[in-house]
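Think of it as A, B, C and D in the order they're written, each chain with its own count starting at 1.
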Amino acid sequence: MDNIVIRYLDHPKLEDPIFIEGLPGIGNVGKLAAEHLKDELKGVKFAEIFSKYFPPQVLVQDDGQVKLVNNEMHYVKRNNGTDLILLTGDYQGLTPEGQYELSDFILKELQKLGVRRVFTLGGYGMGRMVTKPRVLGAATGLELVKEMEKYGVVFSRGEPGAGIVGASGLLLGLGRLYEMNAVCLMGETSGYFVDPKSAQAVLEVLTKYLGIEISFNELETKAKQIDQITSKLKDIEAAPETPDKREDLGYIG
Amino acid sequence: MDNIVIRYLDHPKLEDPIFIEGLPGIGNVGKLAAEHLKDELKGVKFAEIFSKYFPPQVLVQDDGQVKLVNNEMHYVKRNNGTDLILLTGDYQGLTPEGQYELSDFILKELQKLGVRRVFTLGGYGMGRMVTKPRVLGAATGLELVKEMEKYGVVFSRGEPGAGIVGASGLLLGLGRLYEMNAVCLMGETSGYFVDPKSAQAVLEVLTKYLGIEISFNELETKAKQIDQITSKLKDIEAAPETPDKREDLGYIG
Amino acid sequence: MDNIVIRYLDHPKLEDPIFIEGLPGIGNVGKLAAEHLKDELKGVKFAEIFSKYFPPQVLVQDDGQVKLVNNEMHYVKRNNGTDLILLTGDYQGLTPEGQYELSDFILKELQKLGVRRVFTLGGYGMGRMVTKPRVLGAATGLELVKEMEKYGVVFSRGEPGAGIVGASGLLLGLGRLYEMNAVCLMGETSGYFVDPKSAQAVLEVLTKYLGIEISFNELETKAKQIDQITSKLKDIEAAPETPDKREDLGYIG
Amino acid sequence: MDNIVIRYLDHPKLEDPIFIEGLPGIGNVGKLAAEHLKDELKGVKFAEIFSKYFPPQVLVQDDGQVKLVNNEMHYVKRNNGTDLILLTGDYQGLTPEGQYELSDFILKELQKLGVRRVFTLGGYGMGRMVTKPRVLGAATGLELVKEMEKYGVVFSRGEPGAGIVGASGLLLGLGRLYEMNAVCLMGETSGYFVDPKSAQAVLEVLTKYLGIEISFNELETKAKQIDQITSKLKDIEAAPETPDKREDLGYIG
């Protein structure tokens, strides 16, 4: 089989489309943000990407039908000259090679679709609780840096120190070779939990840039649920007889 | 060498064959079930699959001859319009890529053999002892879900939560791309031991569907042996001076 | 670069050559045996095999020159109708895929060289000290089993239970596809140390089969050195105040 | 995408160029040395190498722009008949296969550029603090060994015992197949810290060979910073109430 297979359900005609990526990662910030945006804007699924760089796994849906793990592209028609393409998915590539191949494959598809501007969404792990997450940025050009600063994106010397790993980084790094104008938006997050609050911070910047207003109710509800869990954990930690259980929680997907 | 090599010992003419897969996995449920069915129905080996996605290993048979680890296909002629093809084997692919390549390769062979209906057999690990194993299902279409429910298969929302990993999942997930009608039957099992009882539960459903009656004596004998070992373990655990030895047991193959 | 590169230093004309493989493995039995045989019979190096399946490593020789890690083939002319080809080397393939590719590559070369009979040499790890190592066997055919039994090779039901992993197994398993008559000779060994005594046991069988007499002085000297180390270890273990140091020793190469 | 991509920014005409490699490794000796030499000689970047054998990562520069992790080639015109090409980079290949492919790729480019002489720079980990680092050598030929001994390079029997792993070794090992005259220069280093002092020792040999004089101020400043950190550590270790923290330090990049 091919290493990567794309199956188009539809071939929409899109005007000067802007591409927005949000896949699983630190705090699941990118995935939460892109899925929320897709839901709010009623994005229409038009392509599925399968790959042997993903885990050999199917998910079982509520109706008993299986779904091979994938990445999916949705479009949003805006009738204002710039449509949107959103990429969401179950996984990123499992290996470095898979990451490179998938990002390169997606960039080739984007070129065919006429995309010239790319946003990648992700989390920036702080290793400590974050009350008011900033949105850090990185970009493929200096003009983009200046443009995004107007929307409150922080470009901070030495942050993120370890660079950006995975699709959110590679779509910029490889995107330069495809002459894409690309920006990575990273919401600060503890890295201990999924973080809808950080996803909201990222979307607030992005929607301002796109000139869109959306509801954040869903994300706020999820954020409250997470807050309840974390505050319970704090109580447990405060109680001297109980061992620390943070390690057992991991990501709450 | 090719990544996957198939060697046909025979080219049987099969009528509308149904394919049944049972490879090593959780509780070895799928492998036990498929091998028992093959033995009871006197399946005839007609193809061997070798691959560099399997371990670099030969097994030494009782007569001193070696056998390169493989997957094998057997056929059963039924003279009722639907013959059977059974896949058993020593291993599944070792890597995600290998899993995808092997499942895709097998589906291509099945297409050539005229297969339109696929059953994959496996275990569903509960993490606790199971007295009366249910048989959970997943399928490639809603009609199949409804059809299998008539045979007692349980399609339960949120189960299995982690999806299905390996050949039993991929043959469904990729099978959709080949327009196969495919069902995965998963017997509940603790996951701590090989589980002939769970394999029997799976086969009871499958044979009812196929309109076959077979003896379960062999599986029942194996189940008793396992029960004896596990009850001894309980005694050992009950004795206060003895450390827990469950971890040392692992799979009993 | 090609996955595997062979560089012929010479193209010897060999009569009905018998191939003998001895690469690093359990107790280094195969490598010790094949290198000893090569030294005693003054084998002439005629081919080097390089591969990206080996570690990315050069060895520095005593004169300061580097040597890329490799496998090497030597020939021995016997003028009795059956010459010998010996394979020794620094490493086996690092991955399952590399193991398969290398064994398949070597078998293809052997076919060109006119080889029809293959011996692979290795160790059989017992997990306990072995005083008088038996030589266990496995073969590609029943006639070979019977033939080798005459030379004292033990074909024992259920041994080795885990099969044979690596080149010594694959050259048999894949060799069947190339219609090679192949035998694996495994010397019993503890698995804790390199084991010249086990290598000698293997060679005693092999040289009897080949009708050769060689000196074992070198192997016996090495065996005495190992014995001295292990008996010192026993003394240390016997002393109550000293912690067990067996784990720190590993292989002595 | 191709496994390795080279992007030429310029096609300089170089006279009989000598190639010098310094990539991350033990004590970062090679990378420190090559980057210092490049800075002192004002090397001009003329090629970038990207690869899926590197991590899927971008670095964020101080101005907010991203840089896909890479290896870079710089040239130095000397107008004395032998120009220089310097290779530096963020990473070496992550896998054995990647190491082989990258070294082979670079050697092919070097052939096109007319390179016949290669120096690879690295560290030789001693596992103990080193006050006056020697510079050990390995080479592709005996004449090179003798030539380099004149410049104080130590060719010591049995050192390095484990051979040379990575690009610094492979460029020699594979370089023989490309008929390159290649030398590896290894500065002794503890292996616990980045070691500018060891890099200086390596460069003192190399610049003598090249007939160049450069300032070592930058490396000496870095060495003092490291010395301050290590001597603080010794104080901490001397204090009985403080646990050993060496393990937490790792490399200081």
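Brief remarks on what is shown
Operating definition for what follows: a contact is a pair of C-beta atoms (placed from the backbone, for glycine too) under 8 Å apart; a residue touches a chain by one contact, two chains touch by 3 or more.
Here the structure is a predicted model, which means the values were calculated and not measured.
Taking CA atoms, the transformation carrying chain B onto chain C includes a rotation by 90°, reported to the nearest 5.
Looking at which positions face the partner, chain A and chain B present mostly different ones, since fewer than half of the interface numbers are shared.
As a whole-number value, the distance joining the C-alpha centres of chain A and chain D reads 37 Å. Chain A and chain C have CA centres that are 52 Å apart. Listed for chain A are no residues, as none touches two or more other chains. Pairs of chains that satisfy the touch definition comprise A-B, A-D, B-C, C-D.
If you check the complex, the residues on chain A that touch chain B are 1, 5, 7, 50, 52-60, 62-69, 94.
Listing the residues of chain D that touch chain C in their complex gives 93, 96-97, 99-101, 103-104, 137-142, 145, 155, 157-160, 163-167, 169-170, 172-174, 176-177, 184.
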